[in-house]
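Each remark here refers to the structure printed beneath this line.
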């Protein structure tokens, strides 16, 4: 992003506005695939050696020879290398598009994928402002995480396999983001589901980890079910699945608030809820922490989970046409944010806290998309990608060194449990500093990135709550209040995390303390870069109301509302429809009134107060280590600790009944009824045979008797009939 | 390139279909005369040769107007009007190619598996290939019926002799189940033969038979039962798990990939065209869709709790065929094409799955899922192939499974939205039954010592799985050549059913004049305004 | 007049028949059988079938019953008598079925009027008596026997021959197969 | 008179049949069969009076058959007796499969 600022100021020659030729867009997608293929081959080769060793009874140790095993060298360069080239290409195209004031999306179709007489789907990609932003985030943050992974996964046996999966994930994510229609998006949609399945279950020999992977895939599949149905309805209505035609003809086909469009949007929301872990279908994300930490950073923080938000923003026109589903999206978003924030308060596993924090922030993004502030949602998505990735990678660094330390004294304490940490700030200085930056950013403290994006979402919720013709005005006000509360909660649990991990005296065993060391440079450099982005990322889209004020450095920031202008061609139609449907957004908040600037000041000051209070309160308190704190909390804290019992509820109401039904179907219907009938037909014939044999007694008399019976019957028939 | 194509086409004109049907018999003779060990190689090379020969069909087959191409008909039993007639159209070309592809692969896959009476085994496999190819190519109903019954016998012996413990029960059950169905069909065939009055068993004669709606409904029921057992449709499926569990691996592969397709092919070739009135009848369609959906959900649920891996995969076949049924009876172009693609992708993916299970059985002599665990650590190539095949089976986009299921569902949605919605839940249940198996076999701890010596794929096994995996991905990524070739034939079938629907709506008399003569046909078609179809009565 | 004779003969015949069935020893049932045959021959006479009556007594009572007597003597069955009457379910069923058969036969025969099935029954009877007057009792039978039914007559000869051969083969102790 | 005769023949026939069913002794069964034949002959003769001489002719044939049958039957009984040492029908059930 830094390079962008430089290009902007140097004033590159603006190509003629009308037409802009993308530079090798196909290559951006192809590169990660290439990376996957090469790394895949390397992985299979390495796996071949390791399986040979395992078959011979020994464990395979690639580090036997040099410090740097042969299997690691190539993937180290190909994995991140491919990402770097893709990022550079994306940036280059961004610069090109930046100058070209593009209005119509550029669509490149490579081959016709499905071609029946009524359904025509091309393998086509679509380049416009929205997909460009997403591509930059995916490849940019992706590249930093790849570099971090080099350090993090250094002593893992399946190193090439890890990078193969990571590249495959980026490939599918790009297909999702750059797809020119719902069908292409669906390929990426399920593809990233597959990669998250493979990466969560990366250490597949561990049963819980592969269970977590399976759970993620099945829950995603439930979301994809909704997405599929939405696609069928779209095909039914438009006869095609391409974005261009659908969004152009949407207004013609649907009346505002019409039945089908609401159904379509709700089903799309179901798909988004599955993928972006919103309330009913969020259960898989916390378990997904079983995967390696960089995976959590890339997939479960920065890119995959934001796919749902991207899809909602991309189908903005449809959502604008269905106010009810907009209210539902916003409602689900804010509800998720609240629930996840409350759960995060009681979690002890550092990654679980961050996981619930992600779910909560995603809730905010859906709130933004729900109320129609699509730009705000994308803005928060971008800034969130920066500081959440930073938080996860920081946590990864902490876990890495904790693991290393505990390993040295070979104690079996959980390296991820915050109750075993404490006082790491003097050992891991850089990580501590960058983590604080990220925490302040996510808490929404001025001037960091989080403040601008989250504040804009909260403000738009308030603004649209006051819109004249908004049928859900009251509801939006409630959303606004809950959003404010959740923002405070976020500040609190993040500070709790920082305090428990870095402050106070270390609860680590004495021997292990000396082995705690700062992460190697290959891990800290991406951390620092992300920290820079977390600080300056927010200045990309400073709202006009704030840019002149103190909060906006009195106009010094060059790119006020840049992102808004940038995404104008995408969000323009949706905004127009929304204004027509709900009327102009109000200029001051409901209930207490006050402008955007006022409320921005209030929220950032409140956040600052919460952080200060939390540091002062939690700092001195002695936290029991994991061993001592055996009894799980009870009462309200217990409910939060047990994640509002979502897992148990789903297990008892859905999973067990289906399993029981399956067993019943097999044992009863299949074996007893159907097979029973089939076998009984067989037995019936044997039975008839046995009955017939009764008459063959062998004595002449019985035959005489039967003979007479026959005579009787014949005579009787002759005489009487 | 095009003129060489033309030359191949001319080259292929008359004899190719007959060659495809009867070459395996020559192979059979050669196998019987060769020594025991060499039998498998001879059989493999013969079927591979037939496959290479059939590849020519892929390029020379011009879909044209959807009717039969490369037709040839010589009288066989004069007095009854039975002719030995073969023909190829958009629907059967893929089935024939699937047959010629799967048989050599199944034979190659059985090199280590079959140890006793090898000559007889491979002879039966080639006989089976002839039977199945005959079924797909016959355009004379009598000849079709002969081949339909012929395929039963080798399969019966393969399951009965080389099978597992309860093979006799399974083989007898399989044979009786199918025989009962086909006898009913024979009755129906004879009924049409006599009522059509043309005194010939040819497909055109049967198409021209004008049957009242009541007759059509009864005949539909008879045919549907015979093919329903073969497909298998929901309540008639209990022979499949037994047959699969007890059958030897190559038997299972052929059974899953080819024999099930004869059922669904029957629906497309006979039920829809011969009884258009009945097949578009609302209650009939409702019943068939209900059975199809029930099959999908029921089979998925039952599959999830199977301890035996082969039985699990057998039930998944029932689920996949459920998709074909809803696709076919949605009576839309997408539905039918979706059904056809599911048939192809199921043939490839389930065939590969059974081969993989066979390899597991060869190494560990057990089919129970819990006997395995952590195979991924010990056999990475095997694990990769297993995961790709499993993904194709549950229909991940980018694999053939998805194309079929997506088209079938979208086709069904166009006419029967609710059915499509319920059937779409099958997508979730697909993951519900497949992923636990993949996890319990490949992932989890490598705790059992026997699994440690689980050898990875040998070169032969890679050659067996290679083409199947490649086909799964090719159809998933670039299905257009398949869709183009099947399109015209599907249109022809649909027009017949459409024609019947408009005739029924216009309150046509009880005895529906479906196809009496060109003149009337043109007039009735012009009346309904659909495009005039000259080659309708070729 | 003939009515009384008929009743007499009928009673004797019935008594004999019942005797055959329920008598304890084969010899007794054999003698009852002879009595029945004789009374039936009497009835033949009442129906003007004099020749047949003679044949009945001569062949049936004389030859066949004697043959039976020989067999009974040969197998000296007389003394080892056991109650071989069979009671129980089977005989009950037997009675029922036989009773029903009798009911059906009786029903069948009741609607036969006095002159047989044909209307000109009486005329036929008269013609028959005239023929008897003219050709004699034997000639009446001989004439059709040797003209229309000569084939049947020859077949009868053949049948008897076969029966004789069969009887000899069956009854002869099979020395070869050591069956004796 | 005719109907009485026919009734008599019916009774005789029925008694013969009953004898065949309930008696165990092969010889007695044989006698009962002869009795049945006689019943039929009686009916023939009774009716031949009013329907033509053929009736009597047929009785003639029946008698021949009866004779032949008696001869063969008794021969069988003798050979069975030689093997089983009894003529009780229940003892030999070769007919049972």
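By letter and in written order, the chains are A, B, C and D; residue numbering begins at 1 in each of them.
Here, a residue touches a chain if its C-beta (ideal position, glycine included) is under 8 Å from a C-beta of that chain, and two chains touch if they have at least 3 such contacts.
As the structure is a computational prediction, the values presented were derived from the model and not from experiment.
*Asks:* List every chain that touches both subunit B and subunit D.
*Replies:* A
*Asks:* If I rank A-B and C-D by number of C-beta contact pairs, which comes first?
*Replies:* C-D
*Asks:* Any idea how many Å lie between the Cα centroids of subunit B and subunit C?
*Replies:* About 75 Å separates the centre of subunit B from that of subunit C.
*Asks:* Taking each chain's centre as its mean C-alpha position, how far apart are subunit A and subunit B in Å?
*Replies:* For subunit A versus subunit B, the centre distance works out to 39 Å.
*Asks:* Just the number, please: Cα centre separation of subunit C and subunit D in whole Å.
*Replies:* Their C-alpha centroids are separated by 7 Å.
*Asks:* Could you tell me the distance, in whole angstrom, between the mean C-alpha positions of subunit A and subunit D?
*Replies:* Chain centroid spacing, subunit A to subunit D, equals 100 Å.
*Asks:* Taking each residue of subunit C in turn, which ones touch at least two of the other chains?
*Replies:* Residues 86, 90, 94, 97-98, 101, 105.
*Asks:* Where in subunit D do residues touch at least two different other chains?
*Replies:* If we look for residues of subunit D contacting two or more partner chains, we find 17, 21-22, 24.
*Asks:* Please list all residues of subunit A that touch 2 or more other chains.
*Replies:* Only 701, 705, 708 qualify.
*Asks:* Among the chains present, which pairs are found to touch?
*Replies:* In this structure, the chains touch in these pairs: A-B, A-C, A-D, C-D.
*Asks:* Would you mind writing out the residues of subunit D in touch with subunit C in their complex?
*Replies:* Subunit D reaches subunit C through residues 1-8, 10-19, 21-25, 27-28, 30-32, 34-35, 38, 41-42, 45-54, 56-57, 59-61, 63-72, 74-79, 81-83, 87-88.
*Asks:* Under the stated contact criterion, what part of subunit A meets subunit B in this complex?
*Replies:* 43-44, 47-48, 50-51, 54-55, 57, 111-119, 123, 186-187, 189-191, 194, 197, 201, 204-207, 210-211, 213-214, 217-218, 221-222, 224-225, 228-229, 231-233, 235-236, 658-659, 661-663, 665-666, 669-670, 674-675, 678, 682
*Asks:* Within their complex, state which residues of subunit D touch subunit A.
*Replies:* Against subunit A, the touching part of subunit D is residues 17, 20-22, 24, 29, 89-90, 93-97.
*Asks:* Which residues, counting only subunit A, touch subunit C once they are in their complex?
*Replies:* 701-702, 705, 708-709, 711-712, 715-716, 718-720
*Asks:* Report the residues of subunit A in contact with subunit D in the complex, numbered from low to high.
*Replies:* Against subunit D, the touching part of subunit A is residues 693, 696-701, 703-705, 708.
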